[in-house]
Every structure is written in structure tokens, then in C-alpha cells.
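So that you can tell them apart, the chains are marked A, B, C and D in the order they are listed, and the count of residues begins at 1 in each.
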Amino acid sequence: MNIGNLPFVVAALLVAFGIYTFLYKRNLIKLVIGVSLVETGVNLFLVALGYRTAGIAPIYTFAPAAKQMVLPTPQALTLTSIVIGLATTALLLSFAVFIHRHYGTLDVRKVKELRG
Amino acid sequence: MNGISSGFGAWNPIAWALLFIGILVVGFVVRSFGKKDYKRGTGQTKVFLSGNEEPEASAALHVRGRHLYWGMVEGLSGYYRRVQALHTGILSDYAAWFVGVLAVVFVILVLVR
Amino acid sequence: MTALTQHAPVLLIAIPLLGAFGVPLIGKLGRGARNTFVGLIALLTAAFAGLLAASVFGAAGAPSLYVLGGNGFGVPLPSGMSIPIRIILETDGMSAFMALITALITLTGAFFSFSYWKDRSGGTLYYSLLMLLTAGIFGMELTGDMFNFFVFLEVTSIAACGLIGFRVWLKTSQEAGFKVMALYTLSGLFVLLAVGLLYGQYGGLNIAYLASALTGSTIDVVALGLLLAGLALKAGAVPLHMWAPDAYGEAPAPMSAVLVANSQASLYGLFRILFTLFGLTISVAALGWILIVLALLTIFVGVTMALIQNDIKRLIAYGAVSQIGYMLLGVGVGLAVSVAKPDYGFVAMQGGIFHMFNDAACIGLLFLASGVIVRATGTRDLNQMGGLAHSMKWTSVLFLIGAFALAGVPPFNGFASKFLIYEASFKLSPFLAVVAVLSSILLLAVFVKVFQAAFLGARRDGLPAEVPIGMMVPMVALALVVIVFGLFPGFFVDKIVTPAANALWYGRDAYIGLVLGGG
Amino acid sequence: MNTGMSIIVRTITRLVYGLALVFGFYVIMHGHLTPGGGFQGGAVVASAFALLLVAFGAAGIKGRLNAHLLQTLEEIGALAFLALGFVGIGTAFFYNLLANSGSLFGGPVLPLGSNAGVFDAGGTLPLMNWAVGLKVMTGIAAVVIVMLIGARKEETE
């Protein structure tokens, strides 16, 4: 296996761990952590997409000095996705705070007033 | 301009509305042939409930939401038991459905490609 | 005027954003100033949506382009480039059609809220989130770029969940907010993963460029699966619909209507991806049948679950879920036969797309009416209601119009679009039409239940008075839309639905050619 | 907890706080020249605020960081960003009107190759970085403060 593929493997593992956490853990905070893990995996995947072996940082004035630059677009995508992830995590955690206030528990199996 | 046609069927709401109004008019014409010499406040205008006394109108008589379609829900109870059991209210189950659908879609798409 | 029309796509996103960030500042001046500002923004947005629709449908739905930050707004490829690099908004008949729906729903939702939310605190944040949601929905519908689609998807997710969990003092609204946000985020991340997969293969994010480069490799198919499942979740197709009754039921009533518009925007994204991005590079018959199966499940489960609900908003929410199925059915039938392109496929597409508008109008009307009912009675439990028609005559009539339209009773608009879906799906397989018709009848039964339980019955003590005029006007406006679209469906099918269906069904080459030149 | 953490943490915070602010503003200012920009710099500045909150507790910073003021500044940052987008609407939304115009921030683009870069270039981009930076630093700080206060309420209830 090519060593360059390692980041993709790690990204896939992170996504898998995140989904596992989301499906099998019972604490709402751990569910949020699971979502964060999936997000990290996707972000790592995006950054790894843009990597070029022996590439330099994509700074405009350096352009002719080096043959290859790392792709800047995936980095911009990752950054945007991190911003969005920040907002969603903050919102999810605030909901968790209020759920704990109302239900007195963070167990996902007990927070099920809305069903049927 | 106001109708739509699917190539094998057509729907014209204006024509439908005209027909509807025409049927209403016919209904009123038929109604006007009815007896006009009944007297208000006598047994002639009383509601006939299989010979029972007409109950006093009150909120307690109201057929409430949960009583409606009781028979139908009871008849389909096997279906409803299963479908309601799927709506557990547990977030992990919902996410499991998502992952499951994703897997099925993958399998179908990769197989038929 | 032409300059305004040319800038309409970006203004549709920028003006609600201006409203979203301006409301908290204007709100410091007082409630009247804030409401005036929100009303002004909503009216301006609707006006620009109208302008955009007029120009696009005036050109029979031909796509038009807006490039952000370029030396001109129509220059997709800067000199020396073969890949579009700038942010692009591309509008064709389908986008303009969706923009009309969004404008209608957000306008009525905002004006209804002035009266509905009058005596509650936190209105500033409420309107701010509404404006943000509006901007996000418009962004999803007008963008020509996969990544921006994801960004706007997440913007709508965050704003929508902010609105769902807005009433923090309600136990269930917090639960719904958490569940919906978690599922939205999970599905959004899979959409992002798919965008990454496509970018990794073709090095571009522009929909037109990607569409021209797609080869239908295994990775493309995996990306398609991720996009399909992720967007089907946000649209609320069974068996991924479990969040939808929670969300529609727990959000403030006018926002439930806007959330339906949000789901439809996700559905639009799904259609755009299936028809324009992937087109015929994949096995459309299999995909069409996946959509049809999802559609049948959605229609049937949605209606039958609505029948047993005793919470009025949750009941209408399940009704809304089932209507998503009709759109999926219409477009799914169209997609399944889009290789041979027979006539009935196009009719099915027309029906599915027309139903989006009709559903938005009558579901919006029903949610607004349910808000009136819940506000007046102080409960959402159908078992505790009754006799409302004695004191709320207008509301009961409006509710009945919305219910008949949603259940597809002629001559209201729901029947016009369902008629097209029935006819066309019967051509593909009679079974589809049978399920669709049967479920429509069941839906009528569901609303007979609501009407009997809430409005009929003997006069009782403490019946609430008729709603104020501020809530009545938006409902009457929506009811007028329902009736006009029901009585003159031919006009609207010719003028706006056919260009929208054309854009999906035949418009792929024009969509690509506009950006890359030549096609 | 309300009184903050130990004296060691507080002393280190006093030392690092200024550095973090300077670094954050540097990242914002040089957003158009080097990797970084409004969001990254704003996040660094906000992390300095968060450090203050953690070290001194909610009571320790009372009156110095006001969540309402921060939210107002956040709105202003967002509106400034949108306004910069509207500036170029004569050509296209987000059109860079100031670039290469010779006015402030309108300096010429430097020749390629290693150089220090010129701050006076980039047109509206540095201004946008400032707007985004303002929005992000105040927004994240407001989120942290609000959540901290919410958590404190939880503890005392």
C-alpha cells in the first residue's frame, strides 16, 4: 500500500468511529463527540485531497519558485467546514444543556417524549 | 387556457365548477318541489334518532379526535403496531435508519451500474 | 430595471442576509422599527424573486448566469482558464420556480409572525433566524456550485434548528432541536464527503463543469449514493422522515411552513443533482425506481401515521411528509423513463414539480391555521378541542380550503397537480396510481378528523374569539393562491411549470453550455 | 470555580494574553498576503478571550466583556462584510473595486518570488478580512461567555 494513502485510511477510520459513537453511545454529549469525529474525518479527507508530494504552501508570490503547490481550494473548503462545524457543535451543546435542564438526564434512550 | 391535459386525460376546473353549480341548481329546484306546509316547533321538524329522545346539545356530546376512525385503526392494528414501533423517539435508531438506507442505496447503485 | 433583474439572483441572497444581521441592530430602536424593517426586507425579497421569475420565465426558462466578483457578472471563465473558478449563481426555470415558492412562504410567514409573535419576547432573534433561513434556502436554489450548495444547506440547518428549539421553555422543542440538528449535521457531512469525492476526481466544484466531466465511475456512483441519502433525509422521505414530525410540530407555526420550503429546497437539490449533474451517465432506471419506492413508502406511511395523531401540528406534519412523496413520485417516474423520454414521463415531471408549489401553499395555509388554533385554545391536543367554528368562522373556512387542497379535492390546486401525477404514474404502473389515489382519500379522512375534532361540535364556554386581522391577511392570501391555482392550472402549467420541468428534463446541455461555452 | 483557577494559571494567562491578541491581529491583517485571514485570526483572538474566561472565571471578567456589546459588534462585522460586497455591485457583487486603483489598499500586486509582501494591496480583501475577523472574534467570545454563564446557572440551581 502506498504510504500516501494513509491519510485517507485514517479519514475513513475517523468517520467509522464517529458513526459507531453516534449509533452505540447513550450520552448526548458523546453523540455530539461522534458528530465531531465524522466531521474531523471529512475535513481530513478534504485536506488530504489537496496534498501534493513535495508541494509548498500556496502563497501567490512563491508561485514560480517551486514546481508544485498544495491545492488551496480544499483548504478553503475545510476551513468553511470547520466554521460550520463550530456553529453546529455549539448549537448541539446548547440543546444538550437545555435537555438536561428539562429532562434531568442526557441518556438518549430516555429523551424520547416525541415518538409515534 | 385554464385546463390541463396529460395527453391521455384532461382536467378543466372551470367546466367542473360550471357543472358543480349546475348540479347545485338542480338540487335546489328539486328541493323547491318539497312540501311547504310543515309547521315549525312541532314533531314535523324534530330530529329523528331511531325513536330516541334528542339529547341536549352540549360539549360533552362532541365526538373527540381519538374516537374518530377507531374501527379503522383497530382493523389495521397489526400494521400500526409495527409502524409505530419504528418511531421509537430514540435518536440512535433514526441515525441507524440513515446508515441502513445509505448502505442499501450503495448496494443497488453499485450492482446495477 | 434590467440592472435590477440582472442582479436579482445575488440580491435574493444578500438582502435576507442584510436583514438577518441588521435586525438585531434595528431591534434596539424598538419593536415598530424592527417589524417595519423585517416587513420591508421580506417584501423586497419577494419583489426580487418576482423579477427573477419574470425574466427567467419570460425567456421560457433559459438558464442565466451570475458570477460573483468577476469583471462582469456574466463571465464564467476568466482568460486563460478552462475551469470556472469564481462563485457562480446559475438560474434556470427550476431555480426560479423554487425561488417563487420560497418567496411566497417566507413572505406570508414573516407577516403572520408580526401578529403571532407580538406578545412574546425574543422576537429580534426570531426574525434574524427567519431571515438567515430565507437566505440559506434561496442560496440552495440559486447556486451553481456544489460546495456553496453544501454551505447553504448547513446555513439552513443551523437557522432551522435555531427556530425549532427557539422556545427554550418547552421541553419537547429542545428534544426536537437536538434530534433534528444531529441528523441534519450527519446528513450534511455525507453531502460534503460526496462533494470531496467529486472534487478529488475532477478538480472542480462547479455543477456545470462537473456535469461535463463526469464519467460515471464507481467513485461517482458512491458520491451519488451519499448525496441521495443525505438529501433524502433533509427532504424527509420515509424511512428517513422521523425528524420531520418533530421539527414541523415543535417549531413556531409560521416557521413550520418555512421548514417545509426548506425541505423542498433539499428536494430541489436532489433533482438538480440527479438530472443536471449526473444526467444519463448513471443507470437512471434504477435511480428512478429507488425514488419511486421511497415515494410510495413516504406517501403511505405519512398518511397512515397522520391518521392516528392526536396532536394537531404533528398530524399536519405527517401530512406534509406524505406530500413530499407525491413530488418524489412524479419526478421519480420521470427519471425512471428519462432515457426513452416518452410523453408521460414529462407529464409526471410537470405533476411532481407543480405539486411543490401547491403543497407549499396549502401546507403553509394549514400550518398558519394550526398556529391560530393552538394560540386560541392554548393546547395542541385534538381531544381537548371542539366547537371552534362557532366563534372562528373564517379560520374554519380557510382551514377547510387548505385541507381540501392538500387532499386533492377538485377544484383546488392540489388536485390539478395530483391529477397529472396519477395519470402519468398509471402509465408506468397502475399500482403506483392506486397507492397515490388511495392515500389521497385517506388524507381527506385525516382532515375530516381534524375538522370534526377541532371545529365542529356544540358551542361551549370560553370559546376564543376570531383571530386579529394581521394573522388573517396572510392566510387569506395563501387561500387565494390555492383557489387561483386550482381554477386556472392550465395557465400556470404553461407559463411556469413547463419551463421548470424542461430545465430538468432537457436543460442539461444548455446548463453546461452556458458556463463552459458551446456545451 | 467562579473565582477562576490557580495563581500559576493566572500569571501565565497575563503573560500569554497579549501575545495571543497580537498574533491574532497579525493573522487578520496579513490575511491577503499569507495563509490565514479573518476567521483564523478571529479565532485566535477569541481563544485569548476564552483563556481569560477560564483563568479568571465568569466573576473575574464581569463588566469587562459584555455579551450584548460583543453581539452588536458581531452584527456590525457581518454588515460590514455585506456592505463590502455591495460596493462592487456596479460590476458584480463582491467585485474588487479598490484593487489596483492606487487608492488606500489599492497598491500594485508585487512581482513574483520571495518577498515580504505589501500591506497596502489587495483592494477590498483586507477590509473583508477585518470584517470577518471582527465578526468571528466577537461571535465566538459571545458564544463562550453565554455557554459559560449557562453552565454556571446549571451548577447553582
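We take it that contacts are C-beta pairs under 8 Å (C-beta built on N, C-alpha and C of every residue); 3 or more make two chains touch, one makes a residue touch a chain.
Because the structure is predicted, anything quoted here is derived from the model rather than measured.
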Item to check | Comparison of C-D and A-B by number of C-beta pairs in contact, larger one | outcome: C-D
Checklist entry - Taking each chain's centre as the mean position of its Cα atoms, how many Å separate chain C from chain D? => result 36
Checklist entry - Between chain A and chain B, what is the gap in Å from one C-alpha centre to the other? => result 46
Item to check | Between chain B and chain D, centroid-to-centroid distance (C-alpha), Å | outcome: 57
Checklist outcome for this item: Between chain B and chain C, the Cα-mean centres are separated in Å by 25
Checklist outcome for this item: Each of the following residues of chain C touches two or more other chains, namely 178-179, 182, 186, 305, 308
Checklist entry - Which parts of chain D, given as residue numbers and ranges, touch two or more other chains? => result none
Checklist outcome for this item: In chain B, the residues touching two or more other chains are 84, 87, 91, 95
Next on the checklist: Once you draw an edge for every pair of touching chains, what topology comes out, line, ring, star, complete or other?
Outcome noted: other
Checklist outcome for this item: Counting only contacts in the complex, chain A reaches chain D at residues 57-65, 79, 83, 86, 90, 93-94, 97, 100-101
Checklist entry - Which bits of chain A are touching chain B when the two form their complex? => result 19, 22-24, 26, 31, 108-109, 111-116
Checklist entry - Where on chain D does chain A make contact in their complex? => result 33-35, 39-40, 110-115, 117, 140, 143, 147, 150-151, 154, 157
Checklist entry - Taking the complex as given, what residues does chain D use to touch chain C? => result 71-72, 75-76, 78-79, 82, 85-86, 88-89, 91-96
Checklist entry - Contact residues on chain C for chain A in the complex? => result 147, 151, 154, 157-158, 161-162, 165, 168, 171-172, 174-179, 181-182, 185-186, 188-189, 192-193, 195-196, 199-200, 205, 245-246, 249-250, 305, 308-309
